[in-house]
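Both complexes shown next keep chain A, but they swap its partner, so chain B is in the first and chain C is in the second.
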Partner chain A sequence: MSFAFYLIAALTVAGGLAAVLLKNTVHCALALTVAFAGLAFLFLQLDAQFAGFAQILVYIGAVAILVVFAILLTRGSETPKDGGIFSRTWLAGLAVAAAVFAMLGWAVLQSAPGLPGATPEPTVTVGDIGVALMGRYVLPLEIVALLLTAALIGAVIVAMHEKEGGK
Partner chain B sequence: MFETADQIFVLLKHWLVGLLPMALQPVAGVVVSVAAIVCFFPALFALTTVFERKGLGRIQNRIGPNRTGPFGILQPVADGIKSLTKEDIVPLSADGAVHFLAPLVLVVTVFMGFAVLPMGRNMVLADMDAGLLFYFAIGASTELSVFMAGWSSRNKYSLMGAMRAVAQMISYEVALLLSSVAVVMISGSLSLTKIVEAQNHYSYGLPHWYIFTPWGLAGFVMYAIATTAETNRSPFDLPEGESELVAGYHTEYSGFKFALFFLGEYLAMFSISGLGTTLFLGGWSAPFSFLTWVPSWFWFFSKLMMSIFVFIWLRGTLPRLRQDQLMNFAWKFVLPMCLLNLLVAGLWRFMGDGWLRWVICSAILVAAYVGLGWEEMRRMHIGARSYRYAE
Partner chain C sequence: MTPLAGYLLVAALLFAIGLAGALTRRNAILVLIGIELMLNAANLNFIAFWRYGPHPEALTGMMFAIFSIAVAAAEAAVGLGLVIAIHRHTHTTDLDQINRMKG
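So, the complex of A and B:
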């Protein structure tokens, strides 16, 4: 646990908190981007180059942009005056979040003693990941690709109908 | 002698770092390299602005800047002083923090892209295993800064410019990535230094650059189109089309913040040209085997400046596209061609040496180009040319 880790962890947590607590929706989206970037830095700090860069490429380059677009195209970025920013079902949300956190924490605590400290860290290059994806895990990859293509076609069909109905 | 000239910057860096105590040397090495990049490319930017204005002037039959210094060469100095002394105006209703951060995010992310570019033999700041992936990851983050600038200005022109910019960048980023993937397929590496090494061979005195293969030429054309769109250069400059949107997403920026946007755009142009040079034009390798004695960095920057010249030439030549033309072009022409190019690259890889693969790969690409282009043109229903005169 180095100084860099604490710095990145603080940044990530601050970004996550800001995403929940800020009033303006676009600010929330930007804060969420900071949290994404923090996660990517954590991956990079663990020498997981591919995961880190993919995190930046997908989450900052695509997901954050998509979130921002969705906010702009659907409604204003200001929160309504009455009611505040908290949902009425915040208690249920809290319970779900706590449950997820507890499960993750339990999993982490369970796995920690299982790691033998003496074995050297495996060096995984991007090439190895590519070979694994194209060789052993080619079926899951193709299934995901099919799913994404179906989603894309579905999105196009939804957009087309809307256009025809509008005219 | 040749070795010294080739490695002069590397030797200079080692000498500078060697002056410091041992403990500081690793840090100092990084600092010196970063400082060199941060100083050199803005200087190149200053020169390029004069070059661009002179070149555009030449294309448009006028003289261009010629009042400051000999041949207007001091124009960027005057521009710099002007932008530093101008008032920094922030609109009253603007979102202060985001408005302030946007140009910074742009310039910082663009500068990071230079870290993985091999600018000469042994001249790369961070020789990463996944260098290309790093570059694209960083490049994708610049979109966010454009959006931040447009949204925080609270100006409808800014917002429209930002929306146009982001839509355009997302569309053409697909083409940018797919055209580069062909190179990765053939060279078998995401490391930019390895990609240059793979092209640094000669047969009959001619280089094995990827642009001199059917899939490489097609990929390079797609890459060039996509980079022009990614950097918001004419004919893809809709996000800042001055006749429609004042200045697009940076309408509400003045003084040095505007200069930062300007700098960011030119730096993006440099770095993306450098990447194109690395991927398709052999990076720092010489164009003929008898010219390998010329320093490697000279070739890299020559190719870079040639690309910049083409950008300027295009800007002076082509009219701006319409929004629907832009999107149709990206999704109906460039994207299918890129996908086909991946297939052709695979064929090329597995057909082995010989003339047959040249014929088959070229035939597929030319047939697809002609077929797609013909189909698209037919759908547009372009009639006979008509003229309208002012009455």
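So, the complex of A and C:
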């Protein structure tokens, strides 16, 4: 395990923790961007250049901006007067999350001796990914294109301003 | 510890953080942020298994991660659109107060 991995992993986890713990929602969105950037660096560490740059483009470039827009459009309602920023049943949620992490961590540590060690770097270029997308994976690609179009139209219709007194 | 186990542990930790956020926050947008973190943790698992798996040239894990990124982008757009629509009706994004589906 290299020093770079520990550094990027610590940055990613710290960003994720800050994203769910901070009080100000705009700070949460910025911390989320840090976590997304850390994940992109982890992808690049794993020799997945295309996935890493797609992560930067899609998550930091689009999803984070979308989250900031949503926060700013719903401004003024995000700090409840009563209680804190956490739900009344936060203890149950925390217990479920801790149980899930304990189970996943136990499973990983139990199977760690059987996992493959350092393997040679895969020689996969972006061209290979393009050929695979246009060849073997062309049907899923078309379906994703349809899904994205439908989702964008649906999101606009859902969020569109309704006229007074019904449509 | 093998490198793969390290990546899997980071992914498990991120998934648990996202799950805790989605289950405990009151703001609907923060719940969506938690869901995004969980999806990203799953993507990290796919990429790590692709990198250390026996046949990386088959690109299976990589393709799964790329399609997962695309589906997550669609999910984020629709989810945030729904939050904005609910905010227009009820003037709140507090999930403890949004307790009916009728407008």
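Criterion: the second predicted complex is superposed on the first by the 121 of 167 C-alpha atoms of A that agree within 3 Å, B and C clash if a C-alpha of one lies under 4 Å from a C-alpha of the other, contacts with A are read in each partner's own complex, and residues count from 1 in each chain.
What we mean here is this: a residue touches a chain if its C-beta (ideal position, glycine included) is under 8 Å from a C-beta of that chain, and two chains touch if they have at least 3 such contacts.
Just so it is clear, the structure is predicted and the values come from calculations on it, not from any experiment.
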* Of the two partner chains, chain B (first) and chain C (second), which one does A:Leu39 touch, if any: first, second, both, or neither? -> second
* Answer with first, second, both or neither: which of chain B and chain C does A:Phe5 touch in the superposed model? => second
* Structure fact -> Of chain B and chain C, the partner touching more residues of chain A is C
* Which partner does A:Val63 reach: the first (chain B), the second (chain C), both, or neither? -> second
* First, second, both or neither for A:Val13, with chain B first and chain C second -> second
* Interface residues of chain A shared between complexes with chain B and chain C -> 50, 54, 62, 69, 77
* Asked: Contact residues on chain C for chain A in the complex?
  -> 1-10, 12-21, 23-27, 29-30, 32-34, 36-37, 40, 43-44, 47-48, 50-54, 56-57, 59, 62-63, 65-67, 69-78, 80-85, 87-88, 91-96
* Would you pull the chain B residues touching chain A in the complex into a rising list? => 95, 98, 128-130, 133-134, 136-141, 143-144, 147-148, 151, 159, 163, 166, 170, 173, 188-190
* Asked: Along chain A, where are the residues that touch chain B in the complex?
  -> 24, 26-27, 30, 33, 49-50, 53-54, 56-57, 60-62, 64-65, 68-69, 72, 77, 125-127
* Can you check the complex and tell me which residues of chain A touch chain C? => 1, 5, 9, 12-13, 16-17, 19-20, 25, 28-29, 32, 35-36, 39, 42-43, 46-48, 50-51, 54-55, 58-59, 62-63, 66-67, 69-71, 73-74, 77-78, 80, 83, 85-90, 92-94, 96-98, 100-101, 104-105, 108-109, 112, 115-119, 122-124, 128-129, 132-133, 137, 140, 144, 147-148, 151-152, 154-156, 158-159, 161-162
